[in-house]
Amino acid sequence: MILLTHDIIDYNALTESVRSNAAGAVVLFLGTVRELTGDRRTVALDYDAYSQMAEAKLAELEAEARAKWPVIQVGIVHRLGHLELGDISVALAVSTPHRQQAFEAGQYLIDRLKVVVPIWKKENWSDGTTEWVHPGVTT
Amino acid sequence: MRIAVQLFAKARDLAGASRVELNLPDAARVADVRVALRQRFPQMEPLISSLLVSVGTEYANDQTPLRVGADVACFPPVSGG
Amino acid sequence: MILLTHDIIDYNALTESVRSNAAGAVVLFLGTVRELTGDRRTVALDYDAYSQMAEAKLAELEAEARAKWPVIQVGIVHRLGHLELGDISVALAVSTPHRQQAFEAGQYLIDRLKVVVPIWKKENWSDGTTEWVHPGVTT
Amino acid sequence: MRIAVQLFAKARDLAGASRVELNLPDAARVADVRVALRQRFPQMEPLISSLLVSVGTEYANDQTPLRVGADVACFPPVSGG
């Protein structure tokens, strides 16, 4: 399952969707809205996406993971719109026969997602300012 | 040739538009999009060199040729997750 | 939360218990009963534990993880008794500020659990035989 | 000295008991438990050298001294998870 959604992420349903009698291991990763970045305080995040391309890139990532590890099932859901502190922005579940594979595939998927999938977040800082997060860009 | 370009995130905010039409030379390549955006939106200058450009749903490089009707998008580095 | 239980593991409650506004990442690991080991077919597993020592060792593992990574919350639940194919035998959730820490801490905890926590599983093979699993012992 | 020893998993099955009382020399150490189990339960022989021994909730080694009333357990390598 690959999904972009404005709704709260049901990670329980996502996890159930990857369980299998062929799997000995399931790894679920959740990204959640953290309050502190250094000494700056976040009050909310807004996520935007180029949805058509983001879904295509997520499908590519799934194919890459399946080529590298004996993945049984994988599911990735990314939330868009306005998120409050503690909300889940991304959930990613993967099942494999053995545990090392599940950890490696899960970490690969989230690491790659953060580099190649066209989704952006805008910080809403506690001082009332907002700021798009664009790694490597200093403006 | 005229090319419609989608803009996202800070690029969209700086341009004040989520979609712009650009006049490009015939047989234009992705590098020409960068040049046209710089001219039309001087306020986008600090972003121009780091803008990512996609054609269809694939990342393109400055040499990638463009054709009329292509789905072109420009955006700064991603930060999902 | 550290728990040994004969009941079905509620990994949703476990995951919720580690979520925090201080965390940017949650990793949940599930161990599930896999059908195939090589060409042998499992129909069920029975788990037994030296419960008093197992709980003490799990608490030690939590302390070790907290010493190595900036863990915000951690929870480990291991099921005992008779498990069918696909059932969850262990669930382990950890939250940290950043994702790499959560993957590392999660993998550390499950890797160590499998070496030091006195819990044993008995295979119920499809040919009707049963066999305790004792790594490194050939009898 | 008499020491009660808990047995688990295959060690329990081979002994046919989850708890056995062993007669050990005075000032016995963990190594003496291994010797006593081997004598009393010859069928446990293939497991003896790989048995793990705990005192309280800590793993012990063959030199660990025992005292009357200690919580001693013997079991083969673990396989949880």
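Observations on the structure shown:
Lettered A, B, C and D in written order, each chain numbered from 1.
Rule of thumb we're sticking to: contacts are C-beta pairs under 8 Å (C-beta built on N, C-alpha and C of every residue); 3 or more make two chains touch, one makes a residue touch a chain.
Note that the structure is predicted; figures quoted are calculated from it, not measured.
For this pair, chain B with chain C, the centres built from the Cα atoms lie 49 Å apart. Averaging Cα coordinates per chain places chain B and chain D 73 Å apart.
Work out the mean CA point of chain C and of chain D, and you get 26 Å between them.
Among the residues of chain B, those touching two or more other chains are numbered 81. Each of the following residues of chain A touches two or more other chains: 31, 99, 110. If you draw each protein chain as a dot and join the dots that touch, you get a simple line with two loose ends. The full set of touching chain pairs reads A-B, A-C, C-D. Across the complex, chain B meets chain A through its residues 6, 8-10, 13, 46-47, 50, 52, 54, 57, 59, 71, 73, 75-81. The part of chain C that touches chain A in the complex is made up of residues 11-12, 15, 19-36, 85-86, 95, 97, 99-100, 102-103, 106-107, 110. Within the complex, the chain C residues that touch chain D are 31, 47-50, 52-54, 56-57, 78, 89-90, 110, 113-122, 132-139.
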